[in-house]
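Residue numbering begins at 1 within each chain, and the chains themselves are lettered A, B and C in the order written.
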Amino acid sequence: MLKGLGIAALGLLVLVYPLLDHNNAHVDFLTNAGAFILLALGLNIVVGFAGLLDLGYAAFFAIGSYSFALLSSQQFEIHIPFWVMLFLASAIAAIFGILLGAPTLRLRGDYLAIVTLGFGEIVPQTFLNLSQWTNGPNGISSLDQPSFFGRAFGFSATPYYYVIIALIAIAILLASNLQNSRLGRAWMAIREDELAARHMGVNTTTTKLAAFALGASFSGMAGCVYAAKLDLVSPDQFQFNVSVLVLSMLVLGGMGNIVGVIVGSFILSFINSFLLPQSTALAQSVGLHLDFTNYRFMLYGFILVAMMLFRPEGLIPSRQRKAEFKEAMKDPHLASQEQEEYEERPGLTV
Amino acid sequence: MDVLLQQLINGLSLGGIYALIALGYTMVYGIIELINFAHGDVYTLGTFFSLAILTGIGVTGELHGFTLLGVIVLVVVASMLLCGITGVLIERLAYRRLRNAPRLAPLITAIGVSFILENVMQLWKGPSPIPLPEFFPNPSLQLGNVAISAKSVLVIAVAIGMMVALQLFIYNTKMGKAMRATAQDRDAAQLMGININTTIAVTFLIGSALAGAAGFVSGIYYGTTWFFNGFEAGLKAFTAAVLGGIGNVAGAMLGGFLIGLIEAIATQYIPSGAQWSNVVVFSVLVLVLVFRPSGLLGESLPEKV
Amino acid sequence: MTFFKLTDVRKAFGGLVAVNDLSFEIVPGSIVAMIGPNGAGKSTVFNLITGIYTPTNGRIELEGQTINGLRTDKVTALGIARTFQNIRLFAFMSALDNVMTGRHSRMHCQLFESLLHTPRQRKEEKIVRERARELLRFVDLERDADNYARNLPYGHQRRLEIARALASDPKLLLLDEPAAGMNPKEKEDLIKLIRRIRDTGVTVFLIEHDMNLVMNVSERVTVLDHGEKICEGLPVEVRNDERVIEAYLGRAEGAA
């Protein structure tokens, strides 16, 4: 009862925030944080639900953004409306999710991670290189402005804020539906024991590809909104550190747990865009020549290491993940069940 | 033709550096099945340490004779030692507790360590590339239109030398045997009385020291260094280790030189090659892992036994 | 058309021949067992049937359809389910979820319906959940429905694996050493369970080391040694067969 009231109150606050706080910078921050929440929810499907460690997730963010930039701007004089692009970018990203996920299907967890990392490098590098279409390092700007029933969005962050909130709400609904479904159980089964999962009748190929596609689709959508708001896309927005940032959000918040992921995402966005710059301003105002934003990556690194060492299940864990990590640390043979009795260890040879 | 030969020389030099780094990846993966993400950054640290020592002892210009030899030995040994210790510390602090955790955990931790190292180096020497003192005389042997520089010879010689030393170590010493046993079957090795913690620590020590050596020769060969070097070099060296056959020392060497050659040739012969060479190398990674995950020298596992 | 048949099935791993020209048939509605000393290739046969391995030679047929070379999930969909020698439950899913997952191949809802929780999806989930509870009741694990599989006592885990396998409504159930690690009381219950399973129309094919259990519950026994069938017949026939005794005890020459 109390929990329901709390959620309703929070929901109400979220809905009316821009009306209460007219500081555009604040709304802009929340919108960006929202985009990253959407990214985190998407990655949560791939990593948290299906257990596929994707280190190149920023690639789909890039694909979503560039799709908008290429199909809704002066670049090729194509002007697909923003609302259509939301779905189109999402669909394009989903297709790439399948394409880039396909080669990884038979790979073990760590190899899968490295291959996805490779793709995460290849995609922005390709956007950078195909400069006759993408303007290379300069990126594409002057993108079409979205409008709602004839009213252009303008320079305020507020309309984008509401779009993101709506998308997040939809994402939460879809993700939690997936968790409690045949597909959700199939993902969990694959994560636990792929061989046994197959014996349940799970087609591991299509099931994993579904995870990649769905995860990518959230990312594509986020990319589309982000590009529209920023009015600029360039390759350096989608480097490895973005993929790691989103992963850190999951690690911090709690992989597999939707609420955890949202909380983790918000905390990191807050630290990144608020805490670090504000602390720097504060420090400099008292004469200390410190720029805390330079310590950003060290901070992510420490969060990742500390979380894995001391609370791998995250701040708000899914009950299951918590049990998994605790048990695995106690019983080495459970963890190595991943390595089927049918595989050989590489060993060390010369 | 001359261009091709020149690129082959370049490729081998490039490859020598990758090979040295790849050795560290392959050893660590062979023994605890962890992709030590931070390894590429230990390599960069090697260059940073080299730079620090060179500046520390006041090297500015070209050196000759015994001074040159002395400086090289000093810097290489120091760099290897410092990097080795760094590697051991990382293992002890960040990885050891997670030895039995689900494989995702140490991999994520390794990424975290990598970020920390990169940030530290960025704060140490700044965000831009930094030059190293040009103290190594660089005469070239001219064979027609192809030039083989002394620096190239240095890189290749160091790489091959280190690999031979490593092979001898793994096969002829007690610790080497312990490493091989631990890689095969950790529990059995422990039952045989092998101290797993020490064995793994030594593996990291050697692997990281080799990265330190790679950092040193890289500093000489390229003349500059950058805090973010390790990321790309690390990925390519890992590709090399996988290509050669993960867990196989000779494979790491072979893979390293091959990747170097592939990169040099791609840079030369693909239009705007330098931009696409990364894509080419990563594509090699994907192709190897999908079609022949055991690599060139790894045993081809025909079926799950 | 025979219900289930292996014809000249051969499996070689490089130079090692694990299964050598094995042929036998299973009659529907029966309980049959495969025995043999360790390393005889019994689990390999199961692995060949469920598609983990592909035979080097030979044919495996279910109701006239060739199934060797099919993907594991297809084999399950066609009606063959199994348990594993080293229990492969989904450790961190509840017992109920384990069994519900077992029903995967018989469920119809696809991605779209899972995403939207359509009325049809919700109805199907409800039916599947009910069926899963039924199965847990069938193996007497009702009270453990919400516990993590990992936390169940060993004997319960073995029964859970059987319930999970039954969830796919199999025609043929493969049990790989189901009695391993059980005490005598548990083994008695297991025999009763196997008979109850057979009575629901499922054919049971088991690998076992416990001779008493095998003799007690099976109608027909096949004996494997070094990958080859050395004997086949009624339990009492097999038990007294010289070759079988030899395979288990070694040659009798000079046995004093």
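One rule holds for everything that comes next: contacts are C-beta pairs under 8 Å (C-beta built on N, C-alpha and C of every residue); 3 or more make two chains touch, one makes a residue touch a chain.
These numbers come from a predicted model, not from an experiment.
When chain centres are defined as mean Cα coordinates, B lies farthest from chain C.
Contact analysis places A-B first among chain pairs (by count of C-beta pairs in contact). Chain geometry summary: the mean Cα position of chain B and that of chain C are 49 Å apart.
Rounded to whole angstrom units, the spacing between the C-alpha centres of chain A and chain C is 42.
One simple way to say how far apart two chains are is to compare their mean CA positions; for chain A and chain B this gives 31 Å. Chain B has residues 304-305 in contact with two or more other chains. Each of residues 324, 342 in chain A touches at least two other chains. Residues of chain C in contact with two or more other chains: 52. Across the complex, chain A is touched by residues 50-52, 71-73, 76-77, 81-82, 84, 86, 88-93, 97, 100-102, 104-107, 109, 111, 113-117, 121, 124-125, 148, 150, 164, 168 of chain C.
Contacts from chain A toward chain C in the complex involve residues 174, 177-178, 180-186, 188-189, 192-193, 195-204, 210, 320, 323-324, 327, 334, 337, 341-342.
By the touch criterion given at the top, residues 27, 29-31, 33-35, 94, 97-109, 111-120, 122-123, 166-167, 170-171, 179-180, 183-185, 231, 235, 238, 242, 245-250, 272, 275-276, 278-279, 282-283, 285-286, 289-290, 293-294, 298-299, 301, 304-305 of chain B touch chain A in their complex. Interface residues of chain A facing chain B in the complex, by the touch rule stated above, are 51, 53, 55, 103, 106-111, 113-115, 117-119, 121-122, 125-126, 128-129, 240-241, 244, 247, 251, 294-298, 300-305, 308-309, 312, 324-325, 328-329, 331-332, 335, 338, 340, 342-350.
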